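Take this structure first; my questions come after.
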Amino acid sequence: MDTGLSPGSLRAAHVQSMRVYWEDTDAGGVVFYANYLKYFERARTEWLRALGFSQETLRLHADPAQRAMFVVTDTQVRYLRPARLDDWIEVNVEVLRAGAASLEIRQQATRQLELLAAGTIRIGCVAPDTMRPRRMPDSLQQALARQACDPLNPI
Amino acid sequence: MDTGLSPGSLRAAHVQSMRVYWEDTDAGGVVFYANYLKYFERARTEWLRALGFSQETLRLHADPAQRAMFVVTDTQVRYLRPARLDDWIEVNVEVLRAGAASLEIRQQATRQLELLAAGTIRIGCVAPDTMRPRRMPDSLQQALARQACDPLNPI
Amino acid sequence: MDTGLSPGSLRAAHVQSMRVYWEDTDAGGVVFYANYLKYFERARTEWLRALGFSQETLRLHADPAQRAMFVVTDTQVRYLRPARLDDWIEVNVEVLRAGAASLEIRQQATRQLELLAAGTIRIGCVAPDTMRPRRMPDSLQQALARQACDPLNPI
Amino acid sequence: MDTGLSPGSLRAAHVQSMRVYWEDTDAGGVVFYANYLKYFERARTEWLRALGFSQETLRLHADPAQRAMFVVTDTQVRYLRPARLDDWIEVNVEVLRAGAASLEIRQQATRQLELLAAGTIRIGCVAPDTMRPRRMPDSLQQALARQACDPLNPI
(Lines give C-alpha, C1' and ligand atoms only; values in the text may rest on other atoms or scores of the structure.)
Protein backbone atom coordinates (compact mmCIF):
# COMPACT_ATOMS: atom_id res chain seq x y z
CA MET A 1 0.00 0.00 0.00
CA ASP A 2 1.18 3.46 -0.82
CA THR A 3 0.82 5.30 2.46
CA GLY A 4 1.86 8.59 0.97
CA LEU A 5 4.44 8.78 3.73
CA SER A 6 7.62 8.74 1.65
CA PRO A 7 8.52 12.33 0.84
CA GLY A 8 9.22 13.80 -2.56
CA SER A 9 6.93 11.78 -4.79
CA LEU A 10 7.98 11.71 -8.45
CA ARG A 11 4.32 11.99 -9.29
CA ALA A 12 3.76 15.48 -7.94
CA ALA A 13 1.81 17.69 -10.32
CA HIS A 14 3.18 20.77 -8.58
CA VAL A 15 5.63 21.73 -5.85
CA GLN A 16 5.32 25.05 -4.04
CA SER A 17 7.96 26.47 -1.72
CA MET A 18 7.14 28.78 1.16
CA ARG A 19 8.60 30.24 4.34
CA VAL A 20 7.33 29.73 7.90
CA TYR A 21 6.56 33.12 9.51
CA TRP A 22 5.57 34.23 13.03
CA GLU A 23 1.88 34.16 12.07
CA ASP A 24 2.18 30.40 11.47
CA THR A 25 3.60 29.41 14.84
CA ASP A 26 2.00 28.83 18.24
CA ALA A 27 3.14 28.90 21.85
CA GLY A 28 4.62 25.42 21.43
CA GLY A 29 7.31 27.11 19.30
CA VAL A 30 6.30 25.26 16.13
CA VAL A 31 3.82 25.63 13.27
CA PHE A 32 0.22 25.40 14.52
CA TYR A 33 -1.11 22.17 12.97
CA ALA A 34 -4.20 23.75 11.42
CA ASN A 35 -1.92 25.91 9.31
CA TYR A 36 -0.80 22.94 7.21
CA LEU A 37 -4.27 23.11 5.66
CA LYS A 38 -3.41 26.68 4.64
CA TYR A 39 -0.05 25.56 3.22
CA PHE A 40 -1.78 22.80 1.24
CA GLU A 41 -4.34 25.31 -0.05
CA ARG A 42 -1.61 27.72 -1.19
CA ALA A 43 0.07 24.94 -3.16
CA ARG A 44 -3.22 23.94 -4.80
CA THR A 45 -3.91 27.57 -5.75
CA GLU A 46 -0.50 27.93 -7.41
CA TRP A 47 -0.94 24.57 -9.12
CA LEU A 48 -4.27 25.66 -10.62
CA ARG A 49 -2.66 28.94 -11.66
CA ALA A 50 0.17 27.03 -13.34
CA LEU A 51 -2.55 25.13 -15.25
CA GLY A 52 -3.98 28.49 -16.32
CA PHE A 53 -6.93 28.81 -13.91
CA SER A 54 -7.52 31.65 -11.47
CA GLN A 55 -10.08 30.80 -8.78
CA GLU A 56 -11.06 34.46 -8.46
CA THR A 57 -11.82 34.59 -12.21
CA LEU A 58 -13.86 31.38 -11.96
CA ARG A 59 -15.78 32.66 -8.92
CA LEU A 60 -16.62 36.09 -10.38
CA HIS A 61 -17.17 35.11 -14.02
CA ALA A 62 -19.22 37.73 -15.92
CA ASP A 63 -21.74 35.04 -16.83
CA PRO A 64 -23.34 33.78 -13.58
CA ALA A 65 -24.00 30.41 -15.21
CA GLN A 66 -20.26 29.94 -15.66
CA ARG A 67 -19.27 30.77 -12.08
CA ALA A 68 -17.57 28.01 -10.13
CA MET A 69 -15.97 27.77 -6.73
CA PHE A 70 -14.11 24.94 -5.03
CA VAL A 71 -15.13 23.84 -1.56
CA VAL A 72 -13.15 21.45 0.58
CA THR A 73 -15.36 18.58 1.73
CA ASP A 74 -12.91 16.28 3.51
CA THR A 75 -9.41 16.58 4.95
CA GLN A 76 -7.21 13.89 6.45
CA VAL A 77 -3.83 15.05 7.69
CA ARG A 78 -1.02 13.38 9.65
CA TYR A 79 1.40 15.70 11.41
CA LEU A 80 4.77 13.97 11.66
CA ARG A 81 7.50 16.47 12.52
CA PRO A 82 7.28 20.10 13.60
CA ALA A 83 8.24 22.98 11.33
CA ARG A 84 9.68 26.10 12.95
CA LEU A 85 9.97 29.81 12.34
CA ASP A 86 12.14 30.62 9.30
CA ASP A 87 11.95 27.09 7.90
CA TRP A 88 11.75 26.88 4.11
CA ILE A 89 9.34 24.12 3.22
CA GLU A 90 7.99 22.52 0.07
CA VAL A 91 4.39 21.48 -0.42
CA ASN A 92 3.42 19.20 -3.28
CA VAL A 93 0.18 18.43 -5.06
CA GLU A 94 -0.64 15.01 -6.48
CA VAL A 95 -3.94 14.27 -8.24
CA LEU A 96 -5.44 11.03 -6.91
CA ARG A 97 -8.77 11.35 -8.69
CA ALA A 98 -10.32 13.97 -10.94
CA GLY A 99 -14.09 13.73 -11.54
CA ALA A 100 -16.49 16.08 -13.28
CA ALA A 101 -17.44 17.90 -10.09
CA SER A 102 -14.88 16.73 -7.55
CA LEU A 103 -11.21 16.14 -6.93
CA GLU A 104 -9.10 14.08 -4.58
CA ILE A 105 -5.62 15.41 -3.94
CA ARG A 106 -2.69 14.01 -1.97
CA GLN A 107 -0.33 16.56 -0.46
CA GLN A 108 2.88 16.56 1.54
CA ALA A 109 4.85 19.24 3.31
CA THR A 110 8.57 18.53 3.45
CA ARG A 111 11.67 20.31 4.73
CA GLN A 112 14.60 19.08 2.68
CA LEU A 113 14.19 15.30 2.89
CA GLU A 114 12.06 15.29 6.03
CA LEU A 115 8.34 14.69 5.76
CA LEU A 116 6.50 17.13 8.06
CA ALA A 117 2.85 16.51 7.23
CA ALA A 118 0.89 14.46 4.72
CA GLY A 119 -2.75 14.52 3.83
CA THR A 120 -5.58 13.79 1.46
CA ILE A 121 -7.97 16.59 0.54
CA ARG A 122 -11.33 16.10 -1.17
CA ILE A 123 -12.78 19.03 -3.03
CA GLY A 124 -16.11 19.70 -4.69
CA CYS A 125 -17.06 22.25 -7.30
CA VAL A 126 -20.10 24.41 -6.48
CA ALA A 127 -22.00 27.39 -7.87
CA PRO A 128 -20.88 30.30 -5.66
CA ASP A 129 -24.38 31.77 -5.29
CA THR A 130 -26.21 28.62 -4.30
CA MET A 131 -23.35 26.47 -2.94
CA ARG A 132 -24.89 23.60 -4.95
CA PRO A 133 -22.61 21.12 -6.73
CA ARG A 134 -21.86 21.79 -10.38
CA ARG A 135 -19.53 20.34 -12.99
CA MET A 136 -16.23 22.07 -13.45
CA PRO A 137 -15.71 24.04 -16.66
CA ASP A 138 -14.74 21.63 -19.47
CA SER A 139 -11.32 23.16 -19.98
CA LEU A 140 -10.50 22.64 -16.31
CA GLN A 141 -11.81 19.07 -16.31
CA GLN A 142 -9.61 18.29 -19.27
CA ALA A 143 -6.53 19.83 -17.73
CA LEU A 144 -7.08 17.88 -14.52
CA ALA A 145 -7.78 14.62 -16.31
CA ARG A 146 -4.43 14.91 -18.10
CA GLN A 147 -2.69 15.18 -14.75
CA ALA A 148 -4.55 12.32 -13.13
CA CYS A 149 -3.97 10.05 -16.15
CA ASP A 150 -0.30 10.74 -16.49
CA PRO A 151 1.60 7.45 -16.94
CA LEU A 152 3.46 8.30 -13.75
CA ASN A 153 0.13 8.58 -11.91
CA PRO A 154 -2.05 5.71 -13.19
CA ILE A 155 -4.93 5.88 -10.74
CA MET B 1 -5.41 64.54 27.33
CA ASP B 2 -7.20 61.23 27.60
CA THR B 3 -4.70 58.74 26.25
CA GLY B 4 -7.09 55.82 26.52
CA LEU B 5 -4.41 54.07 28.54
CA SER B 6 -6.25 53.71 31.85
CA PRO B 7 -8.13 50.41 31.79
CA GLY B 8 -11.78 49.87 32.50
CA SER B 9 -13.32 53.08 31.19
CA LEU B 10 -16.72 53.89 32.67
CA ARG B 11 -17.76 55.01 29.23
CA ALA B 12 -17.63 51.62 27.53
CA ALA B 13 -20.65 50.93 25.36
CA HIS B 14 -19.94 47.23 25.53
CA VAL B 15 -17.54 44.79 27.21
CA GLN B 16 -16.92 41.36 25.72
CA SER B 17 -15.05 38.57 27.50
CA MET B 18 -13.09 35.92 25.67
CA ARG B 19 -10.49 33.20 26.21
CA VAL B 20 -6.99 33.04 24.66
CA TYR B 21 -6.58 29.76 22.74
CA TRP B 22 -3.64 28.04 21.00
CA GLU B 23 -4.66 29.57 17.66
CA ASP B 24 -4.01 33.04 19.11
CA THR B 25 -0.45 32.49 20.29
CA ASP B 26 2.89 32.56 18.51
CA ALA B 27 6.34 31.09 19.09
CA GLY B 28 7.09 33.89 21.56
CA GLY B 29 4.64 32.11 23.89
CA VAL B 30 2.19 35.02 23.89
CA VAL B 31 -0.73 36.29 21.81
CA PHE B 32 0.39 37.29 18.30
CA TYR B 33 -0.10 41.05 18.20
CA ALA B 34 -2.18 41.06 15.00
CA ASN B 35 -4.79 39.00 16.82
CA TYR B 36 -5.79 41.94 19.03
CA LEU B 37 -7.46 43.32 15.90
CA LYS B 38 -9.52 40.12 15.82
CA TYR B 39 -10.39 40.49 19.50
CA PHE B 40 -11.45 44.10 18.93
CA GLU B 41 -13.57 43.01 15.96
CA ARG B 42 -15.31 40.29 18.00
CA ALA B 43 -16.23 42.86 20.66
CA ARG B 44 -17.60 45.27 18.04
CA THR B 45 -19.67 42.48 16.48
CA GLU B 46 -21.23 41.56 19.82
CA TRP B 47 -21.80 45.23 20.62
CA LEU B 48 -23.70 45.72 17.34
CA ARG B 49 -25.67 42.55 18.05
CA ALA B 50 -26.56 43.88 21.51
CA LEU B 51 -27.87 47.00 19.73
CA GLY B 52 -30.00 44.74 17.55
CA PHE B 53 -27.92 44.69 14.34
CA SER B 54 -26.53 41.58 12.63
CA GLN B 55 -23.80 42.39 10.11
CA GLU B 56 -24.71 39.32 8.07
CA THR B 57 -28.31 40.51 7.81
CA LEU B 58 -27.14 44.00 6.77
CA ARG B 59 -24.75 42.57 4.18
CA LEU B 60 -27.23 40.15 2.59
CA HIS B 61 -30.42 42.25 2.84
CA ALA B 62 -33.11 41.09 0.39
CA ASP B 63 -33.23 44.59 -1.10
CA PRO B 64 -29.81 45.28 -2.69
CA ALA B 65 -30.30 49.03 -2.11
CA GLN B 66 -30.44 48.38 1.63
CA ARG B 67 -27.27 46.28 1.83
CA ALA B 68 -24.50 47.67 3.99
CA MET B 69 -21.10 46.40 5.12
CA PHE B 70 -18.54 47.87 7.48
CA VAL B 71 -14.93 48.19 6.36
CA VAL B 72 -12.08 49.10 8.65
CA THR B 73 -10.16 52.07 7.23
CA ASP B 74 -7.65 52.86 9.98
CA THR B 75 -6.26 51.06 13.01
CA GLN B 76 -3.90 52.36 15.68
CA VAL B 77 -2.97 49.88 18.37
CA ARG B 78 -0.49 49.93 21.25
CA TYR B 79 0.54 46.56 22.65
CA LEU B 80 1.44 46.99 26.31
CA ARG B 81 1.57 43.63 28.05
CA PRO B 82 1.45 40.10 26.64
CA ALA B 83 -1.58 37.86 27.02
CA ARG B 84 -0.99 34.12 27.26
CA LEU B 85 -2.73 30.85 26.55
CA ASP B 86 -5.80 30.30 28.77
CA ASP B 87 -6.00 33.96 29.81
CA TRP B 88 -9.52 35.31 30.18
CA ILE B 89 -9.58 38.83 28.81
CA GLU B 90 -12.11 41.61 28.43
CA VAL B 91 -12.38 43.82 25.38
CA ASN B 92 -14.41 47.01 25.52
CA VAL B 93 -15.98 49.26 22.90
CA GLU B 94 -16.27 53.02 23.30
CA VAL B 95 -17.82 55.23 20.63
CA LEU B 96 -15.60 58.24 19.97
CA ARG B 97 -17.53 59.51 16.97
CA ALA B 98 -20.54 58.28 15.02
CA GLY B 99 -21.15 59.85 11.62
CA ALA B 100 -23.65 59.00 8.90
CA ALA B 101 -21.22 56.76 7.03
CA SER B 102 -18.35 56.27 9.44
CA LEU B 103 -17.45 55.45 13.02
CA GLU B 104 -14.49 55.95 15.30
CA ILE B 105 -14.18 53.48 18.13
CA ARG B 106 -11.75 53.24 21.04
CA GLN B 107 -11.03 49.77 22.33
CA GLN B 108 -9.02 48.19 25.11
CA ALA B 109 -8.12 44.62 25.97
CA THR B 110 -7.62 44.05 29.68
CA ARG B 111 -6.86 41.09 31.94
CA GLN B 112 -8.30 41.86 35.35
CA LEU B 113 -6.92 45.35 36.01
CA GLU B 114 -4.01 45.13 33.57
CA LEU B 115 -4.23 46.91 30.26
CA LEU B 116 -2.89 44.62 27.51
CA ALA B 117 -3.61 46.57 24.34
CA ALA B 118 -5.43 49.78 23.42
CA GLY B 119 -6.41 51.15 20.07
CA THR B 120 -8.54 53.38 17.91
CA ILE B 121 -10.39 51.86 14.97
CA ARG B 122 -11.98 53.86 12.15
CA ILE B 123 -14.72 52.21 10.18
CA GLY B 124 -16.63 53.14 7.06
CA CYS B 125 -19.95 51.89 5.76
CA VAL B 126 -19.98 50.67 2.13
CA ALA B 127 -22.30 49.00 -0.32
CA PRO B 128 -21.10 45.37 -0.42
CA ASP B 129 -21.35 45.04 -4.20
CA THR B 130 -19.45 48.19 -5.15
CA MET B 131 -17.38 48.82 -2.01
CA ARG B 132 -18.44 52.50 -2.36
CA PRO B 133 -19.27 54.52 0.77
CA ARG B 134 -22.92 54.71 1.75
CA ARG B 135 -24.83 56.04 4.73
CA MET B 136 -25.68 53.57 7.44
CA PRO B 137 -29.34 52.55 7.78
CA ASP B 138 -31.20 55.25 9.77
CA SER B 139 -32.04 52.93 12.64
CA LEU B 140 -28.37 52.06 13.07
CA GLN B 141 -27.29 55.72 12.87
CA GLN B 142 -29.77 56.59 15.58
CA ALA B 143 -28.68 53.75 17.83
CA LEU B 144 -25.03 54.76 17.45
CA ALA B 145 -25.73 58.46 17.99
CA ARG B 146 -27.38 57.66 21.30
CA GLN B 147 -24.24 55.88 22.45
CA ALA B 148 -21.88 58.62 21.32
CA CYS B 149 -24.08 61.29 22.93
CA ASP B 150 -24.52 59.51 26.21
CA PRO B 151 -23.91 61.90 29.12
CA LEU B 152 -21.11 59.60 30.21
CA ASN B 153 -19.51 59.94 26.77
CA PRO B 154 -19.87 63.62 25.80
CA ILE B 155 -17.69 63.73 22.70
CA MET C 1 -21.15 1.50 12.34
CA ASP C 2 -21.33 4.79 14.16
CA THR C 3 -20.23 7.32 11.59
CA GLY C 4 -20.37 10.20 14.02
CA LEU C 5 -22.62 11.95 11.54
CA SER C 6 -25.76 12.26 13.66
CA PRO C 7 -25.56 15.55 15.54
CA GLY C 8 -25.96 16.08 19.24
CA SER C 9 -24.51 12.87 20.65
CA LEU C 10 -25.67 12.04 24.16
CA ARG C 11 -22.13 10.91 24.88
CA ALA C 12 -20.50 14.33 24.62
CA ALA C 13 -18.07 15.01 27.46
CA HIS C 14 -18.34 18.72 26.78
CA VAL C 15 -20.23 21.14 24.57
CA GLN C 16 -18.84 24.60 23.84
CA SER C 17 -20.80 27.38 22.17
CA MET C 18 -19.16 30.08 20.07
CA ARG C 19 -19.94 32.80 17.56
CA VAL C 20 -18.70 33.01 13.94
CA TYR C 21 -16.85 36.31 13.39
CA TRP C 22 -15.40 38.05 10.31
CA GLU C 23 -11.98 36.56 11.03
CA ASP C 24 -13.43 33.08 10.49
CA THR C 25 -14.93 33.64 7.05
CA ASP C 26 -13.43 33.62 3.57
CA ALA C 27 -14.31 35.11 0.21
CA GLY C 28 -16.82 32.30 -0.37
CA GLY C 29 -18.96 34.03 2.28
CA VAL C 30 -18.71 31.10 4.70
CA VAL C 31 -16.38 29.82 7.42
CA PHE C 32 -12.97 28.88 6.00
CA TYR C 33 -12.81 25.10 6.44
CA ALA C 34 -9.43 25.11 8.24
CA ASN C 35 -11.03 27.13 11.01
CA TYR C 36 -13.12 24.17 12.18
CA LEU C 37 -9.85 22.79 13.55
CA LYS C 38 -9.61 25.98 15.62
CA TYR C 39 -13.21 25.58 16.80
CA PHE C 40 -12.53 21.97 17.78
CA GLU C 41 -9.38 23.06 19.64
CA ARG C 42 -11.28 25.75 21.58
CA ALA C 43 -13.83 23.16 22.70
CA ARG C 44 -11.09 20.75 23.82
CA THR C 45 -9.37 23.54 25.76
CA GLU C 46 -12.57 24.41 27.62
CA TRP C 47 -13.28 20.74 28.21
CA LEU C 48 -9.84 20.26 29.83
CA ARG C 49 -10.40 23.41 31.88
CA ALA C 50 -13.76 22.05 33.04
CA LEU C 51 -11.86 18.94 34.16
CA GLY C 52 -9.51 21.21 36.11
CA PHE C 53 -6.50 21.30 33.77
CA SER C 54 -4.94 24.41 32.27
CA GLN C 55 -2.67 23.65 29.32
CA GLU C 56 -0.57 26.73 30.08
CA THR C 57 0.02 25.50 33.62
CA LEU C 58 0.98 22.04 32.33
CA ARG C 59 3.34 23.51 29.73
CA LEU C 60 5.13 25.90 32.08
CA HIS C 61 5.17 23.78 35.25
CA ALA C 62 7.83 24.94 37.73
CA ASP C 63 9.36 21.44 37.69
CA PRO C 64 10.63 20.76 34.15
CA ALA C 65 10.12 17.03 34.66
CA GLN C 66 6.39 17.64 35.12
CA ARG C 67 5.91 19.78 32.02
CA ALA C 68 3.54 18.40 29.43
CA MET C 69 2.10 19.68 26.17
CA PHE C 70 -0.45 18.22 23.81
CA VAL C 71 0.34 17.93 20.12
CA VAL C 72 -2.18 17.03 17.46
CA THR C 73 -0.92 14.09 15.40
CA ASP C 74 -3.85 13.31 13.14
CA THR C 75 -7.01 15.09 12.02
CA GLN C 76 -9.87 13.79 9.90
CA VAL C 77 -12.65 16.24 9.23
CA ARG C 78 -15.73 16.19 7.00
CA TYR C 79 -17.24 19.56 6.13
CA LEU C 80 -20.95 19.11 5.55
CA ARG C 81 -22.74 22.47 5.62
CA PRO C 82 -21.34 25.99 5.63
CA ALA C 83 -21.48 28.21 8.70
CA ARG C 84 -21.83 31.96 8.17
CA LEU C 85 -20.98 35.22 9.88
CA ASP C 86 -22.94 35.72 13.13
CA ASP C 87 -23.92 32.05 13.39
CA TRP C 88 -23.98 30.68 16.91
CA ILE C 89 -22.57 27.17 16.83
CA GLU C 90 -21.94 24.37 19.28
CA VAL C 91 -18.87 22.18 19.27
CA ASN C 92 -18.81 18.97 21.28
CA VAL C 93 -16.04 16.73 22.59
CA GLU C 94 -16.40 12.97 22.87
CA VAL C 95 -13.58 10.77 24.17
CA LEU C 96 -13.09 7.78 21.88
CA ARG C 97 -9.91 6.51 23.52
CA ALA C 98 -7.74 7.73 26.38
CA GLY C 99 -4.28 6.16 26.67
CA ALA C 100 -1.35 7.03 28.93
CA ALA C 101 0.28 9.32 26.37
CA SER C 102 -2.40 9.82 23.72
CA LEU C 103 -6.03 10.60 23.13
CA GLU C 104 -8.55 10.10 20.38
CA ILE C 105 -11.42 12.55 20.34
CA ARG C 106 -14.52 12.80 18.18
CA GLN C 107 -15.91 16.27 17.61
CA GLN C 108 -18.85 17.84 15.86
CA ALA C 109 -19.81 21.40 15.07
CA THR C 110 -23.56 21.95 14.90
CA ARG C 111 -25.91 24.89 14.36
CA GLN C 112 -29.17 24.08 16.09
CA LEU C 113 -29.93 20.61 14.73
CA GLU C 114 -27.75 20.86 11.63
CA LEU C 115 -24.41 19.11 11.55
CA LEU C 116 -21.81 21.43 9.99
CA ALA C 117 -18.57 19.49 10.42
CA ALA C 118 -17.47 16.29 12.12
CA GLY C 119 -14.03 14.95 12.80
CA THR C 120 -11.68 12.72 14.70
CA ILE C 121 -8.59 14.23 16.30
CA ARG C 122 -5.64 12.24 17.63
CA ILE C 123 -3.45 13.89 20.20
CA GLY C 124 -0.16 12.97 21.82
CA CYS C 125 1.41 14.20 25.03
CA VAL C 126 5.01 15.45 24.74
CA ALA C 127 7.65 17.13 26.86
CA PRO C 128 7.61 20.77 25.67
CA ASP C 129 11.40 21.13 25.58
CA THR C 130 12.21 18.00 23.60
CA MET C 131 8.89 17.37 21.80
CA ARG C 132 9.37 13.70 22.81
CA PRO C 133 6.34 11.63 23.87
CA ARG C 134 5.67 11.39 27.59
CA ARG C 135 2.90 10.01 29.76
CA MET C 136 0.26 12.45 30.87
CA PRO C 137 0.22 13.44 34.55
CA ASP C 138 -1.59 10.73 36.55
CA SER C 139 -4.37 13.02 37.67
CA LEU C 140 -5.12 13.91 34.05
CA GLN C 141 -5.01 10.26 32.92
CA GLN C 142 -7.49 9.37 35.62
CA ALA C 143 -9.83 12.20 34.76
CA LEU C 144 -9.79 11.22 31.09
CA ALA C 145 -10.24 7.52 31.79
CA ARG C 146 -13.40 8.30 33.76
CA GLN C 147 -14.82 10.10 30.76
CA ALA C 148 -13.96 7.37 28.29
CA CYS C 149 -15.41 4.72 30.59
CA ASP C 150 -18.53 6.59 31.53
CA PRO C 151 -21.64 4.38 31.20
CA LEU C 152 -22.90 6.87 28.64
CA ASN C 153 -19.66 6.46 26.70
CA PRO C 154 -18.86 2.73 26.76
CA ILE C 155 -16.03 2.55 24.25
CA MET D 1 5.00 66.32 5.13
CA ASP D 2 5.71 62.87 3.84
CA THR D 3 2.53 60.97 4.53
CA GLY D 4 3.93 57.71 3.30
CA LEU D 5 0.95 57.53 0.95
CA SER D 6 2.76 57.62 -2.38
CA PRO D 7 3.53 54.05 -3.38
CA GLY D 8 6.87 52.62 -4.40
CA SER D 9 9.25 54.64 -2.25
CA LEU D 10 12.79 54.81 -3.61
CA ARG D 11 13.96 54.49 -0.04
CA ALA D 12 12.71 50.95 0.56
CA ALA D 13 15.27 48.75 2.27
CA HIS D 14 13.44 45.66 1.03
CA VAL D 15 10.51 44.70 -1.17
CA GLN D 16 8.76 41.35 -0.75
CA SER D 17 6.23 39.94 -3.20
CA MET D 18 3.45 37.60 -2.14
CA ARG D 19 0.17 36.11 -3.32
CA VAL D 20 -3.28 36.57 -1.75
CA TYR D 21 -4.78 33.17 -0.86
CA TRP D 22 -8.18 32.00 0.40
CA GLU D 23 -6.91 32.06 4.00
CA ASP D 24 -6.37 35.83 3.69
CA THR D 25 -9.86 36.79 2.57
CA ASP D 26 -13.10 37.34 4.46
CA ALA D 27 -16.80 37.25 3.65
CA GLY D 28 -16.54 40.74 2.15
CA GLY D 29 -14.65 39.10 -0.73
CA VAL D 30 -11.43 40.96 0.02
CA VAL D 31 -8.36 40.59 2.25
CA PHE D 32 -9.28 40.79 5.96
CA TYR D 33 -7.66 44.00 7.15
CA ALA D 34 -5.83 42.43 10.09
CA ASN D 35 -3.90 40.30 7.61
CA TYR D 36 -1.93 43.30 6.35
CA LEU D 37 -0.08 43.11 9.66
CA LYS D 38 0.89 39.56 8.69
CA TYR D 39 2.00 40.72 5.23
CA PHE D 40 4.10 43.48 6.81
CA GLU D 41 5.65 40.97 9.20
CA ARG D 42 6.56 38.58 6.38
CA ALA D 43 8.35 41.40 4.57
CA ARG D 44 10.27 42.38 7.71
CA THR D 45 11.30 38.76 8.27
CA GLU D 46 12.65 38.45 4.72
CA TRP D 47 14.37 41.83 5.05
CA LEU D 48 16.16 40.70 8.23
CA ARG D 49 17.09 37.45 6.50
CA ALA D 50 18.50 39.40 3.56
CA LEU D 51 20.62 41.29 6.11
CA GLY D 52 21.86 37.95 7.43
CA PHE D 53 19.71 37.57 10.56
CA SER D 54 17.34 34.69 11.35
CA GLN D 55 14.88 35.51 14.11
CA GLU D 56 14.69 31.84 15.11
CA THR D 57 18.47 31.74 15.55
CA LEU D 58 18.37 34.94 17.62
CA ARG D 59 15.53 33.61 19.78
CA LEU D 60 17.05 30.18 20.46
CA HIS D 61 20.75 31.18 20.70
CA ALA D 62 22.82 28.58 22.55
CA ASP D 63 23.95 31.25 25.01
CA PRO D 64 20.86 32.48 26.89
CA ALA D 65 22.52 35.87 27.43
CA GLN D 66 22.61 36.35 23.66
CA ARG D 67 18.98 35.49 23.00
CA ALA D 68 16.88 38.25 21.50
CA MET D 69 13.32 38.48 20.20
CA PHE D 70 11.44 41.30 18.52
CA VAL D 71 8.07 42.37 19.86
CA VAL D 72 5.75 44.75 18.08
CA THR D 73 4.75 47.60 20.40
CA ASP D 74 2.75 49.89 18.14
CA THR D 75 1.02 49.61 14.78
CA GLN D 76 -0.69 52.30 12.75
CA VAL D 77 -2.21 51.17 9.48
CA ARG D 78 -4.41 52.83 6.88
CA TYR D 79 -6.37 50.53 4.57
CA LEU D 80 -6.92 52.27 1.27
CA ARG D 81 -7.98 49.80 -1.39
CA PRO D 82 -9.03 46.15 -1.10
CA ALA D 83 -6.83 43.30 -2.29
CA ARG D 84 -8.53 40.19 -3.62
CA LEU D 85 -7.92 36.48 -3.99
CA ASP D 86 -5.06 35.70 -6.43
CA ASP D 87 -3.68 39.26 -6.33
CA TRP D 88 0.11 39.50 -6.45
CA ILE D 89 1.18 42.24 -4.09
CA GLU D 90 4.42 43.86 -3.03
CA VAL D 91 5.21 44.87 0.54
CA ASN D 92 8.12 47.18 1.26
CA VAL D 93 10.19 47.95 4.35
CA GLU D 94 11.63 51.37 5.07
CA VAL D 95 13.66 52.09 8.21
CA LEU D 96 12.44 55.28 9.85
CA ARG D 97 14.52 54.96 13.01
CA ALA D 98 16.92 52.34 14.34
CA GLY D 99 17.84 52.56 18.02
CA ALA D 100 19.80 50.22 20.23
CA ALA D 101 16.72 48.37 21.45
CA SER D 102 13.95 49.53 19.15
CA LEU D 103 13.01 50.14 15.54
CA GLU D 104 10.46 52.18 13.67
CA ILE D 105 9.54 50.89 10.25
CA ARG D 106 7.31 52.28 7.52
CA GLN D 107 5.61 49.75 5.28
CA GLN D 108 3.35 49.77 2.26
CA ALA D 109 1.43 47.08 0.42
CA THR D 110 0.97 47.82 -3.26
CA ARG D 111 -0.57 46.07 -6.27
CA GLN D 112 1.22 47.34 -9.36
CA LEU D 113 1.02 51.11 -8.88
CA GLU D 114 -1.95 51.08 -6.49
CA LEU D 115 -1.36 51.63 -2.80
CA LEU D 116 -3.46 49.16 -0.81
CA ALA D 117 -2.32 49.75 2.77
CA ALA D 118 0.35 51.81 4.52
CA GLY D 119 1.54 51.75 8.08
CA THR D 120 4.14 52.46 10.69
CA ILE D 121 5.29 49.65 12.97
CA ARG D 122 7.29 50.13 16.17
CA ILE D 123 9.29 47.20 17.42
CA GLY D 124 11.24 46.54 20.58
CA CYS D 125 13.95 43.98 21.29
CA VAL D 126 13.42 41.79 24.37
CA ALA D 127 14.99 38.83 26.11
CA PRO D 128 12.70 35.89 25.17
CA ASP D 129 12.66 34.38 28.66
CA THR D 130 11.79 37.53 30.60
CA MET D 131 10.17 39.67 27.89
CA ARG D 132 12.28 42.56 29.27
CA PRO D 133 13.85 45.07 26.87
CA ARG D 134 17.43 44.41 25.81
CA ARG D 135 19.82 45.92 23.28
CA MET D 136 19.99 44.23 19.92
CA PRO D 137 23.17 42.29 19.11
CA ASP D 138 25.87 44.73 17.93
CA SER D 139 26.10 43.24 14.46
CA LEU D 140 22.36 43.71 13.97
CA GLN D 141 22.44 47.29 15.31
CA GLN D 142 25.20 48.12 12.87
CA ALA D 143 23.41 46.57 9.92
CA LEU D 144 20.23 48.48 10.75
CA ALA D 145 22.06 51.77 11.31
CA ARG D 146 23.56 51.51 7.84
CA GLN D 147 20.07 51.22 6.37
CA ALA D 148 18.61 54.08 8.38
CA CYS D 149 21.58 56.32 7.55
CA ASP D 150 21.63 55.58 3.86
CA PRO D 151 21.91 58.84 1.87
CA LEU D 152 18.58 57.94 0.31
CA ASN D 153 17.03 57.68 3.79
CA PRO D 154 18.48 60.60 5.80
CA ILE D 155 16.29 60.43 8.88
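Per-chain residue numbering starts at 1, and chain names A, B, C and D are given in the order in which the chains are listed.
In this section, a contact is a pair of C-beta atoms (placed from the backbone, for glycine too) under 8 Å apart; a residue touches a chain by one contact, two chains touch by 3 or more.
The model shown is predicted, which means the values in this text are computed figures rather than measured ones.
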item	value
More contacts between chains, A-B or B-C	B-C
Of all other chains, the one whose Cα centre sits farthest from chain B	A
Centroid spacing, where centroids are CA-atom means, of chain B and chain C in whole angstrom	29
Distance from the mean Cα position of chain C to that of chain A, given in whole angstrom	25
Length of the line joining the C-alpha centres of chain A and chain B, rounded to whole Å	35
Residue numbers of chain B (touch at least two other chains)	22-23, 27-30, 34, 38, 41, 56, 59, 84-85
For the chain C and chain B complex, residues of the former touching the latter	19, 21-23, 38, 41-42, 45-46, 49, 54-57, 59, 84-86
Of chain A, residues touching chain C in the complex	27-30, 33-35, 37-38, 41, 56, 59, 69, 71-79, 82, 128, 131
Chain D-touching residues of chain C, taken from the complex the two chains share	22-23, 25-30, 32, 34, 84-85
